[in-house]
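Shared between the two complexes below is chain A, which pairs with chain B and chain C, respectively.
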Partner chain A sequence: MVQNRQVYKAPMFPLWAVIAAVGIVLAIATYPFYGAAYVTSLLGKFLCFSIFALSIDLIWGFTGILSLGQGVYFGIGAYFTALSLKINYAAVNPTRYGGTIPDFMEWNGLTELPGFMVPLQNLPFAIIAGLFFATLLAFIFGVITFKRHIYGVYCAVITLAESLILQEAIIEYQAYTGGFNGITDYGTHAQINVLWLILVVTIIFFIIGRILTHSRIGTILKSIRDNDTRAEFMGYNVANYRIFVFCVSSFMAATAGAMYAAWNGIISFLDAGPVFSIEGVIWTAVGGRGTIIGPFIGAFLVKGSEYFLSGKLAWTWQLIMGALFIFVVLVMRDGIVGTIGKWWSARKKRISN
Partner chain B sequence: MNRRKFLKNSAVAAGTAAAATITDFPYFFVKRYAHAAEGDTIKVGILHSLSGTIAIIERSLHNAELLAIDEINAAGGVMGKMIEPVIEDPQSLVQVFAEKAKKLILEDKVVAVLGCYTSASRQSVLPVFEQHNNVLLYPTLYEAQECSKNCFYTGCVPNQQLDDFVPWLIENVGPKFYMIGSNYIYPKETNREVKALLKAHGGEDVGEEYAPLGHTEFSTNINKIASKRPDVVFSDLVGDSVVAFYKQFRQFGITADDIIIGTPITTEQETAAMGPENALGHLTSFNYFQSVDTPENKKFVESYKAKFGKNEVTNAVMEAAYFQTHMLAQALEKAGSTEADALIYEGLPGQEYMAPGGKVKIDEKNHHTWLWPKIGRANETGQFDIVWQRDDWVRPDPWVDLLYPNKDCDFTNPSVLERLKSDSKDRSGTFELS
Partner chain C sequence: MESIITQFLNGFSVVAILMIAAVGLAVIFGVAGVINMAHGEFIMVGAYTAAVVGQLGGNTFIAIPVAFLVVALLGLVVERSIIQWIYDRPLETLLATWGVGIILQVVMKLIFGPELYYVGAPKILDGGFRTIGLLPFPWYRLFLIVIAIIIMIITYFVLFRSDLGLKVRAVRRNRTMAGCLGIDTAKVDMIIFAFGSGLAGVAGAVLAPIKSVSTTMGFPYAVDSFMVLVLGGVGSLWGVVAGSGLIGEAETILSFIYNSVIGKLLVFIFIVLAIRVFPKGLFGYHERT
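Up next, the complex of A and B:
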């Protein structure tokens, strides 16, 4: 008996998902009016973290490039913005040394703003320069590695080294970066319009991510992930697709970093380092890689429970977090969203049979 | 139900059960304190890393503060209420310090926070305390040059550790100094003052070097030191570098008879970690050593060991953590209120306490603490024999006179007070005055 075979393609934006998303967005956007100030400050951070996780998901979950150095791009975005804010803040609010340049420059013996940092006085320029620089770096990195067919473990190692280098450079050139102390005390930018901005950018990136992965390009990316040799034989320029998606992802990470710096009011070398980068990979893995909503759920869940548990159980929270990660990896290989998705489609199949 | 399905279902059930219990997890692993009903306690935040790279040191500060809170509660608490410590773990990460400070102030509504160890962490939380007008008590020695109305500094500042120590070294050991430090703000600022003191007292600076934080390989530096043959190696290395440097210095064959290491950093904690034979004979300048012979110190050391283990050692930063907690209790009692402004303007300035290392007092003008400088020589048990001590306490001077003549903070100046009180949300909490 010949079955009527229909290729089912899920809609780009299913109605139930749109309704749920509108509800969540409204809840977050209005939260500051009725919620706790502390939770509001967490919300803005978590949104930035979820964009960061989304950027990892795009290259890892959809294209199969495991980057352990995505923090580099987040860090570049964050540092350009924070430096600009700090320079402007120090110019009007005298530092503890009484000067008009950032305090970390003063205790390192600088007496005036170094020439190459003067353009950073312009905040919009600094932000755009940060995003551009991050994307450019990703492009150069992509050309060097992907064009030469360096994938997999080697790529992971190179990206890890990249983030280590940036972290060491930030610590070493402390006269320009604040070094070990990071950059702090540059005014309060945790205002409701900044939260809304973060929210809007998150929505835009979410939509871009969905379109990118749900379109023809997305199918090609997934085929590269699953079998890059075969994709190459079918005539696709695998390296170019990889470079493209790597640049998009870096741009997203840098944007997240820039907004995070403004919202959080403090950044340090850790925001560019390997530990943060790997944390992002964990959020993506827990939420569900290869799904667009997974990174958001992962970032909110892991970071949220971390903040919650570390307060309640100051001595043992790390053990519990570790146990949860092991549980997820052992029992839910596809992360929370992936597992639920599989269970749902299996159930559907069972019912229709 | 087959086996596979059963396993799956039970795993899900276990997961849900775990998730459900976590929300009000019985504090099995957390030390329990007398919890009175809401409102019947005074909440005090404790913000020291319990995990991460600096957890070893911060855990001891955390312990010293809990010990003091136990003592205060055993003696009847403050204003008839028990003190309830609200413990947070900032994980040795500066961002998390700022985040947790926010949480303690906004969510838990603590009256004050005891916390931080590194300068980086203090600088990350200060804007939070100033913005939300709360009180931070900070127990670590630091590079000073800071005045914040919301922060009270109970550790040493450079004038209390260096002004006597450097001239004493020049006179009793020799004039040639070689400086080695970790590459961040504290050693850089400290060495600036050491150099000024050398100049003023006829010493000679024969070298200055900085190693990255966490650096543990010093053979090239020690080679250089050996070739320059200074009388004193002035070390402001911190953390793991201290242990590595002393060990490799000894392995190179240099003992304290050849070249003395003088430092404002190395405490009983580090000498225990490196093995006392490596520290033997080297000198440290501090306001407190475990070997201080006072009844208060005997009680402090004994109760600390009884509570946390007989092999534990105490050190100057722990002493500050301990007495600042007692001072906070006294200040609350004196102010008669848990309002931040009452603590800042009435309670804490001028507060005195009979600390293990001698009587201490918070300066009314600059919020730093009057302390008793001492010089200790490490002996074969890892403890310090006190070879010199000042016979009066020393006023803290965050802006050292040699480098910044006539510069100081003044929180007693009526016009400053007026401005601060009228505008407590303004960032003018940090400022400096003539």
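Up next, the complex of A and C:
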């Protein structure tokens, strides 16, 4: 006979959070009508970055898997979309040499689109293929490692190597990827509809993230993070939960990448590399890991201050970035949201006493 | 076939470099359980030290002990100021030491400027001898192999034949028990971190003559060293030998047959599949808890 226990459960979407979220969403959605174009372009990018940070938060903040190669999935999504856009753009806008294939292919001696890239002419197919491949890769990786209880430092190091290899492969196979220069000049997609699309996807992902982590699954994920041996003894298949959340996270990262490629109009190997991946981790850590809104705040704050500070002082920004890594680990472990939350609950306790 | 044999011989110098670069990391990871993401930057600092020694009129033989001391001191500072607080959080140590790496890169760039430095090999190591293949085998590569063997022997004696090594192994086996028996575990961590960092400095000093010295030179070596640890395991020094041997040879030969990216990719796939079979590496240390 199962007894019903009464446990206090925080509401899925507290009223104040809904009101604040609606306000922020409205502000971002209407910003292009009255704001500067430059800031609008940043907004779209930052929304993509915040999805990327959320995807890291799901696996690191909630499940305790530190991936230093999340950029791989972002990069796969971005490259599939950008290649498709570029192929379509080149077909109607002949290059300087009169060809109808992307310019970087011509420079490398190709005369027609390679056969395996023909399907990419269809943009929806390319996007779906990018998301599918990213998730499939995450699934394969998860099955190989998590099923054998490989996680922690080992997982972090392997994912780091993975993203370094992808970066080198992109540079090496420049005939197909644009190499060192990346993919540029594939038409402008920074229109207001795209911003709204990015915004809607962001909202959906944050709601999914909240539902996922606030449900029964979320509780199991957190218990895996805190003590995976005990979670296993409780009868949960720890590996399968890890694989599941890793796939969800890589899907999110790939979606963020696809939208980023369309919005930004230029992508390069850096968007798949280890430096970008680790930066994403630090956005999450600054905002507050283990919270849903933390990655959003962290991405906007860190990336925002980078854009406004690094113009003048490139090397100081790097120094600040390095210090930020140490600061977040040593001093502010819970990030901004976590610190405020702790302060708030301590205050409530004090008042009630 | 002949060229494959030449590549196989060349591979030994790659193996030697990997061994020199990875052994410091392996010692630290094996004892303290943290991975130093700034390892590549420590190698870079060692290489710059060699460059400075070179400009002051010294050569690689002088640079090796100097780089050891400089980088060991650097490691000591980093350990005392940052890492000693976070030994119990290995994942976050990755992030903090990554921050240390960024800072080191910026600082070195500010001191030495963005240009590349070139360090000459010692005069007596110029030239080479002919082996089976057509290409001569440079003396410096042989020197690298010798240095790698010497470093492994020194590390072996420090870890397995000295008083300090006894304490280090005791801490690795059972930290709490070792502490109860009167071993200052924090001090052991500190010394071993400085020692491992010093070895990174030596790696930088011997790498300087075959690589142009720049602030970003270290990262690829760091990642290769991580892979050596993952494949070889940290149970014994044989893990470092086996890991570097397999990775170095496989990468050299595969890069020769295909290209460097495919070589790296195949080696990576091989490593991932290998740890599926040996989750703790080939020479993993099996804990009894």
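In this text, the second predicted complex is superposed on the first by the 326 of 353 C-alpha atoms of A that agree within 3 Å, B and C clash if a C-alpha of one lies under 4 Å from a C-alpha of the other, contacts with A are read in each partner's own complex, and residues count from 1 in each chain.
In the analysis below, a residue touches a chain if its C-beta (ideal position, glycine included) is under 8 Å from a C-beta of that chain, and two chains touch if they have at least 3 such contacts.
Values in this document were obtained by computation on a predicted structure and should not be read as measured data.
Of the two partner chains, chain C is the only one that A:His149 touches; chain B does not reach it.
In the superposed model, A:Ile282 makes contact with chain C only, not with chain B.
Look at A:Trp315: by the touch rule set out above, it reaches both chain B and chain C. Applying the stated contact rule after C-alpha superposition, one finds that A:Asn108 touches chain B and leaves chain C untouched. Applying the stated contact rule after C-alpha superposition, one finds that A:Arg230 touches neither chain B nor chain C.
Touch criterion met: A:Ile267 reaches chain B, while chain C stays clear of it. With both structures placed on the common chain, the touch criterion links A:Val329 to chain C but leaves chain B unconnected. By the document's definition of touching, neither partner reaches A:Lys348: not chain B, not chain C.
Residues 172, 315, 318 of chain A contact both chain B in one complex and chain C in the other. Looking at the complex, you find that chain A touches chain C at residues 60, 64, 66, 68, 141, 144-145, 148-150, 152-154, 156-158, 160-162, 164-165, 168-169, 172-173, 274, 278, 281-282, 285, 315, 318-319, 321-326, 328-330, 333. Residue ranges on chain A touching chain B, taken from their complex, read 36-38, 41-42, 45, 93-94, 96-98, 104, 107-108, 171-172, 174, 179-182, 184-185, 187-188, 264-268, 270-271, 307, 309-318, 320, 327, 331. Chain B contributes residues 11, 15, 22, 25, 27, 29-30, 50-51, 87-89, 91, 93-95, 98-100, 102-103, 106-107, 119-120, 123-124, 126-127, 131, 145-147, 183-185, 188-189, 212-213, 427, 430-432 to its touches with chain A in the complex.
Touching chain A in their complex are the following residues of chain C: 29, 33-35, 82, 85-86, 89-96, 98-103, 105-106, 109-110, 220, 223, 226-227, 229-230, 259-261, 264-265, 268, 271-273, 275-276, 279.
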